[in-house]
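You will see two complexes here that share subunit A, one where it goes with subunit B and one where it goes with subunit C.
Entry: the complex of A and B
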């Protein structure tokens, strides 16, 4: 070992003796004080460019002919490093002025990208093929040609009177209350109500008194049912009568949209709701007057979901939560929303209030 | 808004499209520090075939790895969803009249009030057989009065009272056939 390294070192020193430290070409271009005079007298300076900068760049056609990426790629001896051809989204968003910007979440290269949809749910197909045309037909209201609906007054009333304080005052609210209800427009092919999203909400009361295990179990149950992670919520205020403590985790929600929503609804309506004992439907008075209906599922009903039922032993029996299911529709009144949900298969009972 | 009747080539909602509700992390607008872009957590989903009780089937994306789910109770055999179907209604078919006969003999006022007319008919049919058995039981009871029978006096009175209350509207029908005697004997 020692000998070989010594010989190597010797060879190196020998080479450096033979070869000058400056290459031949460099020697030619190198100017010294001695060469300067001859250069100024005889040949032109090599540093000076032949063409003037005023002539402009070479034409686009010639550049296009010269451009040969294949040749460049073939002349490359080694493979490019992955960072040269693979885009990697930055792990952190460093503000709008940073040069390395993350792609939008809809881009598959983005870290926030969620692929899908992977299937077309049965309920969605039923909606587009059966329910929506039926709904439009049922809600059709014929007006003879030349019919003009009676003009209604403005919903926000001006302030009438001589008072100088009425000048530039914001308009008055509608009669009989301050709430400006949504307008119901006649149903046409472009505003047939559809289900927008479904919100599941579980208020886990026992988490306040007996530890966080209730929260964990409820979260796993909800995730199993909905195919989505839950969002947990803390109590915002102290409420002594309910045992609420500000900042404590008490509830969780899941917002379902698109594919997940249709799968959840189809599963719930076809399999779970018929198994509830002594259930005669959703109360017809439910709703918030703008087309969002809510009903509740008790823990027994939640345990009847096929995902929980097949794996029932994994969930401590007393810890399975009850649920509030809110179905948000694009209908602007509860009547339309109820009609839509009835077509989808949710039964209603009781007095109807519109 | 809804474009329900148009074919959905580009769905309005994609799971990857940013929405204010789906972001779990709090986005601070005025923050100067680098914000971590979290990868969304999604549970693994399987495709499951759900077979309803009438044999119709559809696929579902679920978190449960069971490939085929057969339901025994669903919208196809629940009376709430099939109000007009005869099979699902909980009506007993009593062609031979045996249930009615039993009810006529041993039923309380609650049951008899339900179908009084039927009871009358069946009782007249069974009249021959009923007294014999009733007399037999009576003689037995006369031979050896049991402890239970002695204690049951209050309950007997109570039942009679109940019968009296329930048969308030049906007195005429009862008087016509005069068949209250074997019934009481059978009650015991």
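Entry: the complex of A and C
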């Protein structure tokens, strides 16, 4: 075996000595230094390119100007089959081991893709640049080095006593009521309160007596001013004094977050609230003790939103609803939430309850 | 702490071997002293005699601070109050080109996915408004939205939703221009017509002239008030040319905020409507002199201040008779944050006649104007935008 391979290699070497490595045809077309000198100067070789390859590609700007994806697509003789360029996300998620995985929701090819954001709202930028730093400065509490806050007892107290029923019993609630309030931690740069979401709620009383048209108009109005579909709610119980009938549609809500929320607040604070006549502001007693404040807008104020005002005639008269606006903040007490809303421009009046 | 050890501590303090905790400021020491009973030597000795007594309620850790903390710091400083008076940004900053392109792309994607615009809800058929709307829509290539450029999501070419490099379709300035042109109000908004719309420009005349005294400049940035002091005979040339935030020495027992307000009024006039954010300083700057200098003259205590003096303060004054030493090693400036709502600084109203010039500068410009050491100390209290 080894001998035969050695002889083969020898034979190949001998052949290469006898035959040159370049074939005859190539040899004829090949030009050497000598042939170049003998060639006449005036005669141009037809195969030679006029421009040098060393000059580099055309500039990026000119290429960008010439680039036209529509023209390129139309100049194609044959279209690609759609399966070559269209990705279809699987309709059902079949588990992490399935070979066909859906793309993440942020991918435009995903079935769950929701476009956005479309802008960076002015109020959001003001919050990050002006309001949050000022809030931190205002709420700063100085403690000297070595300060140790006084120790408080546990909020949920153990059951002390000899009674055998105290064994393994759930802890007792706080003194003075069984509501465990949120703790207010010192404000640092990590926990500056911000607006989390805004809930709009419209109770359409007329829908109980005068048919569903009030619900439709209220839904259109809310959708116009919030850029969101509304969620319809039915009455859960019968309440004769309010005319409530169980199962009948009476109200609608919208939850706003992010960009929509900031745009809604911006419009409300800068356009709508200043135009309400004889309005003192939001009552300072509002709040649920955990940093969520609610106030109401009457139908006239809702009609002053620019989206409704531009085609006020399209809405049937007396059908634009009033609104309850609940602003959910990450503040853990109403005092902080009120300070934040005052900073963004919502006035408060009346007795302050903390 | 037993009286014996307290005496030892006093001696150590006097000799300059005090613990590193003596940087606690006077008001903090007062606050701490308030939270625990002030006890004289006699009562302490009595305590030592009585064997069992509850430990004093203290808010301090066992490392120990309180009245026994040194009243004689190693080096003495003049306390000054400074004002960081700022004008917040009035307009949003110019978006980054990537931001612009991203928002335009998202809007076009939305146009492809959203339900078509309900035009008959907003424009009645056959009205002039409807005809105008239809004409404008045709000019946009059939798109209902006015902020996505010439793009129709309902054509076979709708896949071509990305703009090329250098395209101006999505830029806010271009969008506003198009909107104004569509409403036929170009004459008003460009400022050629009615001058009252000139304020809608993002760059003002002060920007063009780089008028750093003006508050109308750099509308998208926070501007801070800086002053340049006149040259003092003993001062070096370099030192006198430096820009600083307005500051001054505390008078009597006034607080930092009071002092800051007074300094602002006396140095740059009362023609400024300002709002002091909080009662706490946002930063401080320590300047050490090369050699100890005579400190400011201690103000003579007025009748009012004597009345307001608490007994505690009297005790402390008695313990530390040299509250205002003649020589100081340096000065500490504590900066109070303030916002200007209206008005302007006025050099004519400068009572001490020690300010040569003032400027309203953004953060980038402050870095160039002030001394590098000063910049290192103040830069973190200034906002980025």
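Basically, the second predicted complex is superposed on the first by the 251 of 354 C-alpha atoms of A that agree within 3 Å, B and C clash if a C-alpha of one lies under 4 Å from a C-alpha of the other, contacts with A are read in each partner's own complex, and residues count from 1 in each chain.
Rule of thumb we're sticking to: a contact is a pair of C-beta atoms (placed from the backbone, for glycine too) under 8 Å apart; a residue touches a chain by one contact, two chains touch by 3 or more.
Because the structure is predicted, anything quoted here is derived from the model rather than measured.
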{"item": "When subunit B and subunit C are modelled together on subunit A, clash or fit", "value": "fit"}
{"item": "Partner chain(s) touched by A:155 [first = subunit B, second = subunit C, both, neither]", "value": "neither"}
{"item": "First (subunit B), second (subunit C), both or neither touched by A:89", "value": "first"}
{"item": "Residue contacts on subunit A - larger count, subunit B or subunit C", "value": "B"}
{"item": "Contacts of A:236 with subunit B and subunit C, given as first, second, both or neither", "value": "neither"}
{"item": "Contacts of A:133 with subunit B and subunit C, given as first, second, both or neither", "value": "both"}
{"item": "Touching partner for A:169 - first (subunit B), second (subunit C), both, neither", "value": "neither"}
{"item": "Partner chain in contact with A:118 - subunit B first, subunit C second, else both or neither", "value": "both"}
{"item": "Partner chain in contact with A:70 - subunit B first, subunit C second, else both or neither", "value": "second"}
{"item": "Touched partner set for A:258, first subunit B, second subunit C, both or neither", "value": "first"}
{"item": "Partner chain in contact with A:144 - subunit B first, subunit C second, else both or neither", "value": "second"}
{"item": "Smallest distance from any CA atom of subunit C to any CA atom of subunit B, in Å, after fitting", "value": "5"}
{"item": "Common interface residues of subunit A - those touching subunit B in one complex and subunit C in the other", "value": "113, 115-119, 122, 128, 133, 310-311"}
{"item": "Residue numbers on subunit C that touch subunit A, as the complex places them", "value": "21, 23-25, 28-29, 31-32, 59-61, 63-65, 88-89, 92-93, 95, 99, 103, 106-107, 109-110, 113, 121-122, 157, 160, 164-166, 222, 277-278, 280, 282, 337, 339, 383-385"}
{"item": "Of all residues in subunit A, those that touch subunit B in their complex", "value": "89-95, 102, 104-106, 110-119, 121-122, 127-128, 132-133, 135-136, 189-194, 223-224, 227-229, 231, 255, 257-260, 263, 266-267, 269-271, 273-275, 279-281, 306-307, 310-311, 330, 345, 347"}
{"item": "Residues of subunit B that touch subunit A when the two form their complex", "value": "1-5, 7-8, 11, 13-19, 21-22, 24, 32, 34-43, 45, 47-48, 50, 52, 58-64, 66, 69, 71, 73-75, 77-78, 80-81"}
{"item": "In the complex with subunit C, residue positions of subunit A that touch it", "value": "64, 67, 69-70, 73, 108, 113, 115-120, 122, 125-126, 128-130, 133-134, 137-140, 142, 144-150, 310-311, 314"}
